[in-house]
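The structures come next, written out as structure tokens.
Here chain A shows up in two complexes: once beside chain B, once beside chain C.
On to the complex of A and B.
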């Protein structure tokens, strides 16, 4: 799974995985993903609770051969969730519509749960991967809250995509089934 | 929601030390403002020599192997980490007087105060914990 930073906390017991995670998190910028490898079984509940407490996004945990890999996305609390892009579509309508659901969250977030059939292009890769998208087809851009998808929709519009819609609200309000790639 | 955690450390055994410093470092790592008031035997935890030789509870000596196996950090290491994370250490003046100890007997970076110093910090803390 793709991550911007890795932290090896294997062999460490509570509270060290949390203490180390807190320290490393300071080096990330907003939106980046941290992967924490740990063998402390309690770290799964602890990392999720820690992220909730301090306002980061706990993305999920993978377990392979006794090693837990936790994925956390850095968020800052004070960011204003404001959207600018005029063409929007209600989250509830997108699965019954014809267009492409374009999920611009990070790879790890997508892997831990997305809408079936959605295409993944993380926000940071969008500009380089425009050729994968069809200008003739409607595109419903989705992220977690509607903020990144707003920026992505603006970017697409600036490259001549006219049939672009920002999906509001984002995946945090999605009540349907989630497809996982893990 | 309170952003403060107030802890009283009043027992001086190894198990007590882990309870105090695990909670303190975890709270500090969760961006809480943390203060520990060391009183009576709890002063052992910040005593320059005492912190390296904290006693196991009687009958629990066999857990020593478990501590090593679980790779649990040593208490002096947790103390250092707690200070690095900004946990405030307050040593109880009255107990120091009773035990004939002075600030020179303790690690660097501690405050000395009385009950009111702790109470002032703890008045709007949640949780407040005693070990």
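On to the complex of A and C.
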């Protein structure tokens, strides 16, 4: 799974996986994803709880052959911003509508849970992948909280997409089933 | 200032002697909420170690200077780190060697009483998990009942007492902890008994333990007699030892009674549980000292650390023995059940011999409180 940084904490026991994760996270910029490999079973609960305490997003953990891979997304200044894009659609309406659900979160976030049928194009790749999208069809842009999708919707509009809607609120409020690619 | 390393037995003494202690538990809030070191006069502060990585200044005002302070975590590493930070800040502190893992595994053997002809009965109190195991000793021979998985504690205790373990019993197929019974029997050549009604799926050889099974320990006549007492499981069996003690397994505890749902059949077994508690046990001598396989709360410990009370006293005090209406009893034991013990289905499979996880996986499976009772 794609991550911006990797940290090898295999063989280390508590508290070292968290101590090292904390250090490395300081060097990431907002929105980047860190993958921490660890063998200490207790690191899963601790990383999730630590991330919540400091305000980072714990994305999920994969376990293969005794190695845990934790994914954390940096959110150091997750301040609430006014969304700018004025065409919006309520989260509850998108699955009963005809358009395409475009999920602009990072690949790891998408893999750990998304709405069935949604298409994944992370925010950072959007500009390069515009040709994959159909201008005639409605597009419902979704992210975790509505902030990234707001920016993505603006970007699409600036490239001539008119049938674009920002989904509010984002995946944090989604109560339905989640599809996983893990 | 200084840092001391305490082992689980030092902490056990403080629990049993009702000493004061301040515990700084640096595990996750969930883990602490679920399970901690219980002491009647212990005080606690729970703050996860990862909230203290930038410093401990904010908690310093909450750390007492007039009583002993013990830092506790899951395994040891984090408690040592925080203990060092506290020490640098001028506090005398201790940390728990091996953390909650070692606390979960520690057993304190305590003598419960003398038996006819110089025999002795020992209770092995697993304070961290609330499990109670037993050893009956007489004239060079021993029987072990409801042994936990740390078999060496029993075999070395037998060696120290110069007795040979001849019989190993499990009162039922346990769901909250991994039994050491089969392994003790294998290593000592003793006979291993299980109630056949609980053992339909077991994949190893055992001797059936049925109502009326009697064994004699040593040359003097100390009888360990089985009494079929279903309800927690369909095979649950009690023992009367030397006409003095009643080992109740997970059917009757000091302050609570067994729950009937851990093998998935609460509705079916509630009638059996009722019969055992309200009929079979009532026919026994009320002088018998009840020795259960668990305790749930620290208040169930006697002053000497044992968990034991006369049957007659329990008939007066135990709420579960005083629900006169059958329908209400059914509601109490099926409606308001606490969460099931951690990994109980896997633990049952281990006890059936179907899976054999590595020791550290077994440790993970047993983490947390036992939750075999309903109050």
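Please note the rule applied: the second predicted complex is superposed on the first by the 180 of 182 C-alpha atoms of A that agree within 3 Å, B and C clash if a C-alpha of one lies under 4 Å from a C-alpha of the other, contacts with A are read in each partner's own complex, and residues count from 1 in each chain.
As a convention for this text, contacts are C-beta pairs under 8 Å (C-beta built on N, C-alpha and C of every residue); 3 or more make two chains touch, one makes a residue touch a chain.
Note that this is a predicted model, so its numbers are computed, not measured.
> Kindly say whether there is room for both chain B and chain C on chain A in the superposition, answering fit or clash.
Overlaying the two complexes on chain A (C-alpha atoms) leaves chain C and chain B clashing.
> Between chain B and chain C, whom does A:11 touch in the aligned arrangement: first, second, both, or neither?
The first partner, chain B, only.
> Tell me which partner A:182 touches in the superposition: chain B (first), chain C (second), both or neither.
Neither chain B nor chain C is touched by A:182.
> Applying the touch criterion given at the start, work out whether A:50 contacts chain B, chain C, both or neither, answering first, second, both or neither.
So A:50 meets both chain B and chain C here.
> After superposition on the shared chain, which partner residues are touched by A:67: those of chain B (first), chain C (second), both, or neither?
The answer is neither, since A:67 touches no partner chain.
> Looking at the overlay, does A:116 come into contact with chain B only (first), chain C only (second), both, or neither?
neither
> In the superposed arrangement, does A:22 touch chain B (first), chain C (second), both or neither?
In the superposed model, A:22 contacts both chain B and chain C.
> Taking the superposition on A as described, I'd like to know which of chain B and chain C A:42 touches: first, second, both or neither.
It touches chain C, and chain B stays clear.
> Which of these chain C stretches, 78-86, 294-302, 312-320 or 366-374, gets into chain B when the structures are overlaid?
78-86
> Using the superposition on A, tell me which residues of chain A are in contact with chain B and, in the other complex, with chain C.
13-16, 18-19, 22, 46, 50, 53
> Within their complex, state which residues of chain A touch chain B.
11-16, 18-19, 21-22, 46, 50, 53-54
> Where on chain B does chain A make contact in their complex?
Residues 22, 25-26, 29-31, 70-73, 81, 85.
> Spell out the residues on chain A that touch chain C in their complex, using ranges where they run on.
Within the complex, chain A contacts chain C at residues 13-16, 18-19, 22, 41-42, 45-46, 49-50, 53.
> Mind pulling up the chain C residues that touch chain A in the complex?
Touch residues, chain C against chain A: 28-31, 48-51, 53, 73-75, 77-78, 81, 364.
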